[in-house]
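I have placed the structure first, in the form of structure tokens, so that the comments after it can refer back to it.
In order of appearance the chains are A, B and C, and numbering begins at 1 in each one.
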Amino acid sequence: MAEPILALRGLSKSFGALKATDDVSLDLRPGEIHALIGPNGAGKSTLIGQIAGSVVPDAGEVWLGGRQITGLSVAARARAGLARSFQVSSLAMEVSARVNVRLAAQGRAGGTYRLWGSASRDSRLAAAAEAALARVGLEARADIPVAELSHGERRLAEMACALALAPRVFLLDEPMAGLGADGTARLTALLDGLRHEAPILLVEHDMDAVFRLADRISVLVYGRVILTGTPDEIRASREVREAYLGEEA
Amino acid sequence: MREGLVNLALIALLPLVALGAQAAGETYFVTLVTKATILALAGIGLNLALGVGGMVSLGHAAFFGIGGYAAGIAAHHVFAGTPVLGWPLTVEGTDQMPLIWLAGIAAAGLAAAAIGAVSLRTQGVHFIMITLAFAQMVYYLGVSWKAYGGEDGLPIYLRNQFPGLDTGDAMQFFALAFACLLAGVALVWQVSRSRFGQALAMARMNEARLAASGISPYPVRLAGFVLSGMIVALAGALFADLNGFTGPSMLSWHRSGEIMVLVILGGVGRLCGPLAGAMLFVAFETWLGGLTDRWQLFLGLVLLGVVLFARGGLIGMLAGRARHG
Amino acid sequence: MTLALFLEQLLNGVQLGLTLFLMAAGLTLVFGVMGLINLAHGSLYMTGAFVCATVAGWTGSFWAGLLAGALAAAAVGALVEVSVIRRLYARDHLDQVLATFALILIFSEGARLVFGDRPLWLDIPPALSGTLALPGGAEYPLYRLAIIAIGLGLAGGLWWLINRTRIGMQIRAGEADREMIAALGVDIRRLYTLVFALGAGLAGLAGALVGALQSVQVGMGEPVLILAFVVIVIGGIGSIRGALAGAVLVGVIDTMGRVFLPAGFGLFMPPAEATATGSALASMLIYLVMALILALKPKGLFPADA
């Protein structure tokens, strides 16, 4: 079995008496899509925060490519190769998708303290941004202020930002939410190919997409991973049905 | 396009008015235009923090005053024939502006780094209050520094010199201030479109997006804050030489407020907004101040009106909605 | 350093602290409930002092002046809230700063128009003009002790108001969740006006009380305003308890620093230099303390959300 690229070891976080995540350990291996599912309030957002660096865990470790990143800031983790998308789109609303994506390309390329030369005329940044926008199919709408884009287009712009980082790991928080049928199909196809560039940890409510895409699925209930397995194993598990699928399906 | 034309017109207006006043023999008006030019430079500097970086600093008078004190202290020592520092190495006073500017800008940069390092750990209202408080600390330092005039400040009997110019001549001093303003506008324009400027603007618009892009917001903001303070310090040094005086009034928080006001009158986040704001401010002060001692009452009313009803500022009315990024 | 001097300065510090608390309480309430930063709070302090001095001059009664000062500041506060401040709640902090800065200019010039350019003087009421003997032999002014008592009384009253009354419950609800109190059927506009007027009244009272110790003049509120900001930053924004603790801390440190730092430097420096260095450092002391506290606890000593 290949070495995991992203490894979570015993991540725990409590808010008062509530254990949002409780001793969570997960592996993300090269070339896979590992989906994380669970009912609302299972602790998925807290776990994403702990991986991305916006939530400080009470205990546990996060490893990326054999290097411990538990103590690093959000920005340092992004530089280390962790690209995240937000559950609620987090983009600069008053500028275009291109500006947002270009900044991700700039984060990847470095040179942020360069005071001279126009960033918008930098061909390297422009090419990286254009390529990322094209992959999500947003080229035609790339120069409109994000505030004027539809909800689904914003999700795609956010995905393009993650692509422009050319990361080692994608951490995607409900990328399908709010997408229409076309958008979902397009994004599903994109993610399907993307796993070979960098593995994806996917938090998603769209079960069709999850079972179509995921190589492995982990089920999070009340802050604990109750089972990790292939889609078939998850479907077959009585425990999962009782704890989760039974409630929703 | 329209905004570009307005910017050009604003920049051209200053030397045109100065030349016109000179031709008419009205040296006093040349001095007024010089004042507007220097305040515009301060506004341009503050706008880098405020308009681009979204840092609502009420502490920029500290940097303005530090620049002013650099000019005053250097001139004071030249006049008195005493060294600025006797130990560990002797530093003589100087009346050469380039050296004074360098010292003032460096000192303000250090102060901005220290003040920014603490205040930028916080945001929003905290940041406003803390920058205000630290500027007040520098103000009290000026008041209690008896060697440099304490509350009374320092007179600059002879305007400091610039190689090749007669700075005592109103028109030549204006030209110098105007060149500094142009350099400031060019610098801020360059910086805002650079990679750094893009990151600084993103720190204003969406900090989480900046961090997710792998760029730490705190050092970006700090660098923007320091650069902004350094530009304002240059304006302060010129201002002290214009008035032949430096003192705690340059450090007063009202000064921070005024610089912010002229940025707003012109339109925040616009490259040349501070130019329009400074011209309006000086015109207002001169015209209304000539009519009534209570001109600040009217300034307050106008400012209140602009904030409540005309949020794009003066250029906003001329050139339409502000464009960022 | 004698015990008497120490006690005297300690009391001076507490007195300054409680005056600062009266300022800071209004600022922190207004921020906590309405999310507004109000630079013009010092103008309300000044209003209280001017009205107090004028009414005391007419009636010959300090107490009538004090009451009038506090009520006038509250009334002016309510008026300003309804006409200007109300429009700023939904705005960003920059607009709030600018609009309330504009209010300062308007208030300052307005005060000159109404009350004239020259400072007014306010006499300490005869009943409190005496002194009290402190242990160690010093005589301490009764009036300053009265300010301490009034400040403590009002701090207690404010605690009671916020924790034990219906209005207080609404204020606390407003700090926690603005939509919730609207859902509770509270008239939120009236509550905001009330909170603002309450803060204004406290500031006016503070101005009137201090007016008898200093001259009453335009601009008197601004140094106090900035100190009140330091208090709030140290105490934690939105927290009344933090405002009280921060205020007393700032008052005592500032007062003690001004007296004892020059003396302290005098132990190893020539007197003239010691006075200069000591008083320069003393005037910066509380800001340095603020920086230190921020470095350790960026949200202040008593963050409101903890």
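As a working rule, a contact is a pair of C-beta atoms (placed from the backbone, for glycine too) under 8 Å apart; a residue touches a chain by one contact, two chains touch by 3 or more.
On a predicted model such as this, the values are computed, not experimentally measured, just so you know.
Relative to the centroid of all protein Cα atoms, the closest per-chain Cα centroid is that of B.
In terms of the distance between Cα centroids, chain C is separated most widely from A.
Taking the mean of the C-alpha atoms as each chain's centre, chain A and chain B sit 44 Å apart. For the pair chain A and chain C, the distance between C-alpha centroids works out to 49 Å.
Chain centres here are Cα means. That of chain B falls 31 Å from that of chain C. The residues of chain C never reach two or more other chains; the list is empty.
Of all the residues in chain B, the ones that touch chain A in their complex are 190-191, 193-199, 201-202, 205-206, 208-217, 220, 223, 324-325.
Those residues of chain A that touch chain B in the complex are listed here as 52, 54, 73-76, 78-79, 83-84, 86, 90-95, 99-100, 102-104, 106-108, 111-120, 122, 161, 165. Taken together, the chain B residues at the contact with chain C in this complex read 50, 56, 58, 118, 121-122, 124-126, 128-130, 132-134, 136-137, 140-141, 143-147, 253, 257, 260-261, 264, 268, 294, 296-297, 299-301, 303-304, 307-308, 311.
Those residues of chain C lying in contact with chain B across their complex are 31, 37, 84, 87, 93-95, 97-99, 101-106, 108-110, 112-113, 222-223, 226, 229-230, 232-233, 237, 276, 279-280, 283-284, 287-288, 290-291, 294-295, 298-299.
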